[in-house]
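Worksheet for the structure shown next.
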């Protein structure tokens, strides 16, 4: 890499590092939080981080397909959130519980 | 610092801060609101990359719809401050954190390698994309990705039917504990 | 890039609003610290507030929100089509794109009418 | 924001001016609403303070400022205070994306020993390429204000009001978003300025290979999208929580909805937010369906020509006067729609909640779908059977 | 209207019909379902006509309407588009499929009126037409294969339509399995051609086909086409895979008319004509095709002479006529094969529908020994059947005469032909005339042997109108391909329309340097027609004048007659030589290899797994976060590997 001006020359790697940071944060949340809803939010955060890489690669490789992938990922994420929340709500309605450790009882 | 660089650093600061607070906040409602904030700042970052339409969709779909749903559910359930927000296992907790750290390092290293491959001068040509890419997006979407488009339509239909069925369910067949 | 303007205005309004809050507090007096008396109870038309632990809120709200997400995405999917439809027609691909969108719309319509028929959208 | 310090400064000032104008418009609108409602209901309305009661605005502002700051016992402090401040943001930012006039062009000039310019200042907060998507996205964030306020108040009526209001807003956002699809298809762009410019001149279009010109009608979107207009306009009423859709604050059931616990200046900020949404609605209707800032019967080029011949001689002057003329044209249309909003409020009764949801999901959404399909078919036929 | 739209409507209209009737198969009544299905096919027919009209308007050399909807499969070299082509060959097919299909659908409304599953029946029928259209319109072998499998499925569903009858269900199964054998060969052929030529597109393959005929038996063209031909013997009921077609008569009669006479069974012929250049490049394959075609024609005809079931006779007749088509294709006369395909579609559909009408009238009785003298009860059925009869035995000027005669002529004179092939063809024609006359005589003429409780009646108009239309087509259908000899004596010398139509797209062996006199043509024609007429007369004499004679002859022939009437014991042969040994072998395998070796091994493995599982099961705690951690660990491993590499 010829350019050394890390602060002013914003390039692909900046976006990638940012997205890596967000991704790991989300993953940490999935591993550490107890609330199922928060875990789902952390999954959304991870998906968003991945979206950022898609967009960054799309921009820096000059192909629009990355943006379309993001479009699709968003759809899938929304569908996932809808179904996931529906499941959580039906469990909550019955047991008044959102702790992930409680969900262990659902094991067959 | 140039204006573009300033915007990038500012937005990434916002994104990282709010992302951290998603994970760290004990009150799930604050988590959700922080996540909405992250999503908006990510949308702005998309805009810095020229993906204006996707940025708009990010705000509409994620911040304006999915997170609203989360907040509504949280408020419906009346979930407030949690005393035990984090799982506490001595060994597994340490293992998890160690793994996350290791993973973060690995991801950055892999990306650094990947960028090296991508950095061939003919590939990194940001001028290839038009400044306003929404029309190009539509053209490509309906040419090359038309099948995925239709499939997602069906997926959404299935999810719509499924969630209604789930929401109607009385919550399982077993006796209450 | 207009992004700078958006950021600037956002920060400006946030600061402005905060300033107003503090200005109002300075002028009208701060009653937020010692909350004593009936005055600070939740306002429920003057009747003493009562709170049951198990408040039942209709699940309808959340169902509406879920359906909103799904239909919202389908509508968003129409935007790239709407913006390029005339280009496709001029390029001679109007029939194919129109038909594929018609299929999508039929799925949408089917979903909508299924929801209506299954009474998922009934409020009482 | 701009290339150099001059442009950045001017743009910054422009944004602040637009914001302050919007804030200032609210008391005026409140006055108009009170006088107007009095007029409609055969009363007098505020008429004591100042001429025609105009000074009532100032008196109200002073009163608001002097209310004591108040936090209910069960409230969540952070949310309770963030909500009103946040209420201002989406409305104002979204409004800034609407074009208000032809751009102001300034020739190159010398200042402080340096050459500056030439500059082009758009007569809008910021010119966003994907204007509609931006506005929809930003205004969809308004739901958070309501939820934050409703939850933060720690009052069950507030929460119920907030849930109702947010469910209502998101439901009508569907009809709103779908009714625009026809408009987007008509103009083939997301950009609001391009949309406005597409509406200049007399009504003309090509249909099945024939060029049709109707000289006595302006080329406004209204005539191409009548159904879309009705749906869009109705949905914006619901979006801005105005009557007949103000279910969120139905006094009989919910005390006052999500802002039950609010008073003083915080309440005023919610007010500003609500009126900002009304202004966005009026601005968008003007832009989509009524030619935006265009003067009916004259294209911007004709007006510029007229100004150059009769009113001004320097290029800067020509550009400025042209912009002002268009700005005025815009504000006339804009004000008409604002009045329409007010008029409707004092004309129609309120819906019941189930009627409201039925209207949104079972009536407007299918009709908006129909409008979309109809537009697509008409465009397809108009282009293909030449 | 542009072509892609027309093509889409043409293809999707039957599919939409299928969806509607399929979705409401319990609710739609016979009239609604029937008319819906008929309308769907009629729309397709109109689209076909519009497309073909456009095609006629094009210059002869470039007659091709190609529509590609989207890229279906793109894997490296394999690029298959969802592409559909109307050219002179497929034009004939779509007209026949949708045209005859419409008539048969209409007939079905009357025929199936009292059936419970009528909506299901029409749904299947529409699905069949949809698949058949894909088969004939597809522009590559793979697209064709989709339709090929699809029609196989529909054929199975429709043969076993009355699946509560075990025999009928078994007949469906037999058809399906027999076809499977052919399909495997078809796939192999496809692989060979793709490996060699790198494409599956018909037009590319025809372009790439070797211009010098391949002498070797192991050349790619020969092997590939041979495999494809084996596939065709399955679908088109040729030796050795013809056995399913007679059993397939278990299905409703209109199905037999549509699928097992007019359209599906001709798919093999169509496929060969489609790949004409490739087949021409493989003369060895063509020789086999010609021999098998001739053998099938003779053998099926001989079986047909001994059958008593009206539909079985027609089924063997179909097999025999398909043999003629393969004979034509085998001597390189692809155009004539298409010609006979078309005329056969008319008259055989007519005869099947006629037999359906008879069966309907006789209250599901199919045995011709219990019929006779139906002429007076069913005049319209009789007269139309009469035309079909004249057409199939090759009496001028009916449709069958022109096409069959042309086949015989080509069998004799083509460079790939041989006098023996001609002789076999004539023998087949003579036998055809005999058994068809026998069928005619036993069913419609002579003395009535109808049981007393049965009161035959003419069928309703819904059923007779298709018969009349098809009867007319059986008369005039052959006039599209009048040969040179006849043309030379007719006023105005009508041209051979079909030859001009198909000529530009076919690569047939050149007839240059081979001169045959018109006299010889007349002579050959005279011989075949004369023999056929004689045979018909003999049959008439036997079965109307002196019904005792056939029995005597049958008795005097003894074992030969029994062999033929038992269909040469081919089914039994297959059972004895292939199926039973296979079952025995499988049983041995099961007892000794499967139980002793494989099962024991798997049990051992299973026990190991069980043991291992009880150890690993402790990992499945139900704690999702642990699972997520495992995912993370996997990610770490993968990333480490990427970095180490």
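We call the chains A, B, C, D and E, going by the order they appear; numbering starts again at 1 in every chain.
The definition used in the following text is that a residue touches a chain if its C-beta (ideal position, glycine included) is under 8 Å from a C-beta of that chain, and two chains touch if they have at least 3 such contacts.
Note that this is a predicted model, so its numbers are computed, not measured.
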- Message: Starting at subunit A, how many touching-chain steps does it take at least to reach subunit D?
- Response: 2
- Mind listing the chains that sit against subunit A and also against subunit B? C, E
- So which chain is farthest from subunit B, going by the mean of the CA atoms in each chain? E
- Query: Which chain is most remote from subunit D in terms of Cα centres?
  - Reply: E
- Comparison of A-E and C-E (more C-beta pairs in contact): A-E
- Query: How far is the middle of subunit B from the middle of subunit D, if each middle is the mean of its Cα atoms, in Å?
  - Reply: 30
- Approximately how many whole Å separate the CA-defined centres of subunit B and subunit E? 56
- Message: Roughly how far is subunit C from subunit D, centre to centre by C-alpha average, rounded to an integer in Å?
- Response: 17
- So how far apart, in whole Å, are subunit A and subunit C when each is placed at the average of its C-alpha atoms? 21
- Query: subunit B: which residues touch two or more other chains?
  - Reply: 3-4, 53, 57-58, 60-61, 64-66, 68-69, 72-73, 76, 87, 96, 100, 103, 107, 134, 137, 141, 146, 152, 156, 159, 163, 167
- Message: Residues touching two or more other chains, restricted to subunit A: which are they?
- Response: 27, 31-32, 74-75, 78-79, 81-82, 85-86, 89, 93, 100-101
- Item | For subunit D, residues contacting two or more additional chains | 1, 128, 133, 159, 163, 166-167, 170, 173, 177, 190
- Identify every two-chain combination in which the chains touch. A-B, A-C, A-E, B-C, B-D, B-E, C-D, C-E
- Message: Touching residues of subunit C toward subunit D in the complex: what are they?
- Response: 2, 4-6, 8-10, 12-14, 16-18, 20-21, 23-25, 27-32, 35, 40-45, 49, 51, 55, 57, 60-61, 64-65, 68, 71-72, 75-76, 78-79, 82-87, 89-90, 94-95, 98, 101-102, 105, 108-109, 112, 115-116, 121-124
- Item | subunit B-touching residues of subunit A, taken from the complex the two chains share | 1, 7-10, 12-18, 20-29, 31-35, 37-38, 40-42, 44-45, 48, 51-52, 55-65, 67-68, 70-72, 74-79, 81-83, 85-95, 98, 100-101
- Item | In the complex, subunit C residues that touch subunit B | 1, 3-4, 6-7, 55, 57, 59, 61-63, 65-74, 76-77, 79-81, 83-84, 87-88, 97, 100, 103-104, 107-108, 110-111, 114-115, 118, 120
- Message: If we count contacts the way the header does, which residues on subunit D are in touch with subunit B in the complex?
- Response: 1, 78-79, 128-130, 133-134, 136-138, 140-141, 143-144, 147-148, 150-151, 159, 162-163, 166-167, 170, 173, 177, 190-191
- Interface residues, subunit A side, partner subunit E - complex: 27, 30-32, 39, 100-101, 103-107
